[in-house]
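Alright, structures below, take your time with them.
Look for subunit A in each of the two complexes below; its partner is subunit B in the first and subunit C in the second.
Up next is the complex of A and B:
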């Protein structure tokens, strides 16, 4: 079984991460309830004719994917694996509203074609003329983690030497308001809903300062009582006792389910630095891909952005990190990184 | 295996229809659409209310038709595999769907803001919802995910399941897919002008497009270790799989069938089989002008002058989109179990460019390896190979 390293990590988010990394983070205003990504200049990455047809998610995915490949010096990956919770919701809304408004008449195919969940993976393959393995996961808050596991499997069993893995979601214009509408106003999510794309290149050959993707484990359902035993089993399987974990990256979004994170954090000693990030990038199904971006970046740069850390931040080298995410008490994921 | 399709609500009903050349293509009744008079579909003749009753669910659930069909087929699969304690082994669940909860969203979208009674369907819109409901019904808490690569989705779910067992991460995994008929897909395919007004004719020179279908099918994959420990009867082995991309066009297949060619050749390679060892191809064969020509070209490139017996079963079921790969996986296993090639219905004339002749009546013969193709929008091409020991 081959080891799996992360060669590059790129993120488009509600912050300036695409251009400036984690340097210019600031908290999001809690109003309005939704925040768009800080979009890069897409025309530097996508030809104008193609750009005109693309919805936000496709632009984000193609651009983040392109930069991740560039940063890793890879021209053609051996696999492209995408995770997206809501898929191409913009074009889905467009086509659905056209059906409703015109009562099934005078429809054109463009929005339908682009509403398919695998559009981003397909557009990246088309752009690269990449005939390799191509897959798309659409499982809520585990969409990205499923894609990451697929990539890890392929690097481990040597069926791919490099894999482009990305997680993305676009905000859309209508459906998100319905989601916000039914969110519990007292105990629900308090960070704004947002959008973003975080892309990574995985590979088997160790490069200098490469972060290793050691393990990933997901759970469809997990009771609060079982969090501790799941963490302990995960640490044991990977031969990493709690005191060896330097950073714990958590997905707090302000809802009552944040107590899962409190329980997880209680498994670790004070020397483990805790970080949370959704106050800066918002919540969406693939927000945890930003969690991985954060994990990779802080191990690489050995720098803890003060806006993201909770409590004490002991000065010590950062070597091993865990990213834990869940959504409304379901779809739990644990990712282990090491330098 | 468990299956619900236009030709039956169980594995045995599906087999019976296949053996007796009884297609399930009719006019549409479950979806209200202005196109009802100009399309034909493969519809599951059980209403949501029937399915809710059969599944013993409370009357006012937020189960979409996607979740209902999926639960119905997945429960059968567990039963047929004689599984009583699902968590006695590390068990995962991988589903696939193209529309997710669209069947409810398209009805209620404009009421979501104001009508509290239908707001329960806001949460059931995303593609993972039906999968989570099926997993909960089966009692699977661990690895659960959903794949959506258009019409090749379920083939990719099966492939991932096989890889997770091979890697030692799971001992058992239930894999498959589900898609209900919806106004969204009917109108989408209508704008692409690839819906036939009559019964579809896969691989026929005069084919006039596809019939949409709805279905769900799941297969239980288990490791060799479970099989040995429990002395289980094995229906078939997944011996080969591959996923490649045509990288040609968002919806159309290339003239050379490159993606399909790559998927088939790589699947043969993983199975360590020569093309001549394939006894039956269950083709993707949607009956669109583009797919059937492109697939025929790819088949000729892989198999040369000696084309194995092949047929598309889509004239029975319609094109069930994300579920198609699972439906046809069940049919591939049935072909192995019953040593029979299922007929390609409604075929008269070979496509002039390729001259390929599908099997048009039931053909009984020794079958050891079946190759099944599933191709989708976005250039996604996947091939699975099922074998008998």
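Up next is the complex of A and C:
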């Protein structure tokens, strides 16, 4: 079984991460309840004829994917694997609303064609003329992890030398407001709903300062009582005792389910630095892809953004980190990285 | 007729997200497809839906579309003659 390394990591988020990395992070305002991504100049990456048809998520995904490939010096990946919780909700809303408005008489083609969940993977492949394996996973808050697991397995069993893996979600215009309306105002998510795209190139050949993707574990359901045993089993499987973990990246979103993170953090000694990121990028089904971007970036650059760090001053160098995410007590994921 | 041409230019820019173009950039006799505005077959479908929805014109023969969508001037003339709303 081959090792799997992360050659590049790129993120479009509610912060300036696409242009400036983690350098200019600031907390998101809690009002309004949704926050758009900070969008780069897409026409620098996408031809105008294609760009004019693309909804926000497609632009984010194609651009982040393209830059991730550029940063890894890869022209054609052996596989393109995408994870998205909501898919192209913006175009879905557009064509469904058009059907209602036009009394089911007229269906305009563009929004309909681009409303499918696999549009981003397809557009990346079309741009590259890449006929390799192309798959999109849609599994709620485990969508990105499912894509990442697919990429990891392909590299490990030598089915692919390089894999482009991405997680993305767009806010859309309407549906997210209904989600916000039904959110429990007392115990629900307090960080704004948001959008973003984080893309990675995986490969089997070790490069200088390459971060290794060691393992992924996912659980659809997990009780609070089982968190500790799950973490301990995960660490044991990967021969990493708790004291060897330098950074723990957690997906707190302000809901009553944040106590899962408290329980997870209790498995580690004080020397393990804890980071929280959703106060800066918001919540969406594939927000954990930003967690991975954060994990890769901090191991590569050895730079801990103070805005994300909680607890004691961390020890350096940082060599091993775990990213833990869950959504409303479901869809738990653990990702292990090492330098 | 000039009002209709203006309306068509505005609608096409909005419908097809031609962000690079303004109404002034489109001449009445510019080719809509190919070297002109650079529209393609998906845009042709959008225009056919627009003709049906806004002017009550149903195009059933694709060859007919090729003739009608030559330019704003040709399209406006066709609409003027055939519109039902």
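Note that the second predicted complex is superposed on the first by the 338 of 339 C-alpha atoms of A that agree within 3 Å, B and C clash if a C-alpha of one lies under 4 Å from a C-alpha of the other, contacts with A are read in each partner's own complex, and residues count from 1 in each chain.
One rule holds in what follows: a residue touches a chain if its C-beta (ideal position, glycine included) is under 8 Å from a C-beta of that chain, and two chains touch if they have at least 3 such contacts.
A quick note: this is a predicted structure, and the numbers were derived from the prediction, not measured.
Colleague: Taking the superposition on A as described, I'd like to know which of subunit B and subunit C A:48 touches: first, second, both or neither.
Modeller: second
Colleague: With the two complexes superposed on chain A, say which partner A:285 touches: subunit B (first), subunit C (second), both, or neither.
Modeller: The first partner, subunit B, only.
Colleague: I'd like to know which partner A:63 touches here: subunit B for first, subunit C for second, both or neither.
Modeller: neither
Colleague: In the overlaid three-chain picture, which partner chain does A:255 touch, first (subunit B) or second (subunit C), both, or neither?
Modeller: Neither: A:255 stays clear of subunit B and subunit C.
Colleague: Once the shared chain is lined up, is A:135 touching subunit B (first), subunit C (second), both, or neither of them?
Modeller: So A:135 only meets subunit B here.
Colleague: Of the two partner chains, subunit B (first) and subunit C (second), which one does A:177 touch, if any: first, second, both, or neither?
Modeller: A:177 contacts subunit B only, not subunit C.
Colleague: By the touch definition at the top of the document, which applies to A:108: first (subunit B), second (subunit C), both, or neither?
Modeller: both
Colleague: Subunit B or subunit C: which reaches more residues on subunit A?
Modeller: Larger number of subunit A residues touched: B.
Colleague: Same subunit A residues contacting subunit B and subunit C, which ones?
Modeller: 105, 107-109, 113
Colleague: Sort out for me which residues of subunit C touch subunit A in the complex.
Modeller: 15-20, 38, 40, 42, 45-46, 49, 52-53
Colleague: Can you tell me which positions in subunit B touch subunit A when the two form their complex?
Modeller: 33-35, 93, 97-98, 100, 102, 105-106, 109-110, 112-113, 119, 122-123, 125-129, 131-132, 135-136, 140-150, 156, 160, 163-164, 166-167, 183-184, 187-188, 190-192, 243-251, 258-259, 262, 376-380
Colleague: Where on subunit A is subunit B touching in the complex?
Modeller: 80, 85-87, 95-97, 99-100, 103-105, 107-109, 112-119, 121-123, 125-126, 128-140, 142-143, 146, 150, 153, 156-157, 174-175, 177-179, 181-182, 218-222, 285, 330-331
Colleague: Using the touch definition from the top, list the residues of subunit A that touch subunit C in their complex.
Modeller: It is residues 48-49, 52-53, 102, 105-110, 113 of subunit A that touch subunit C.
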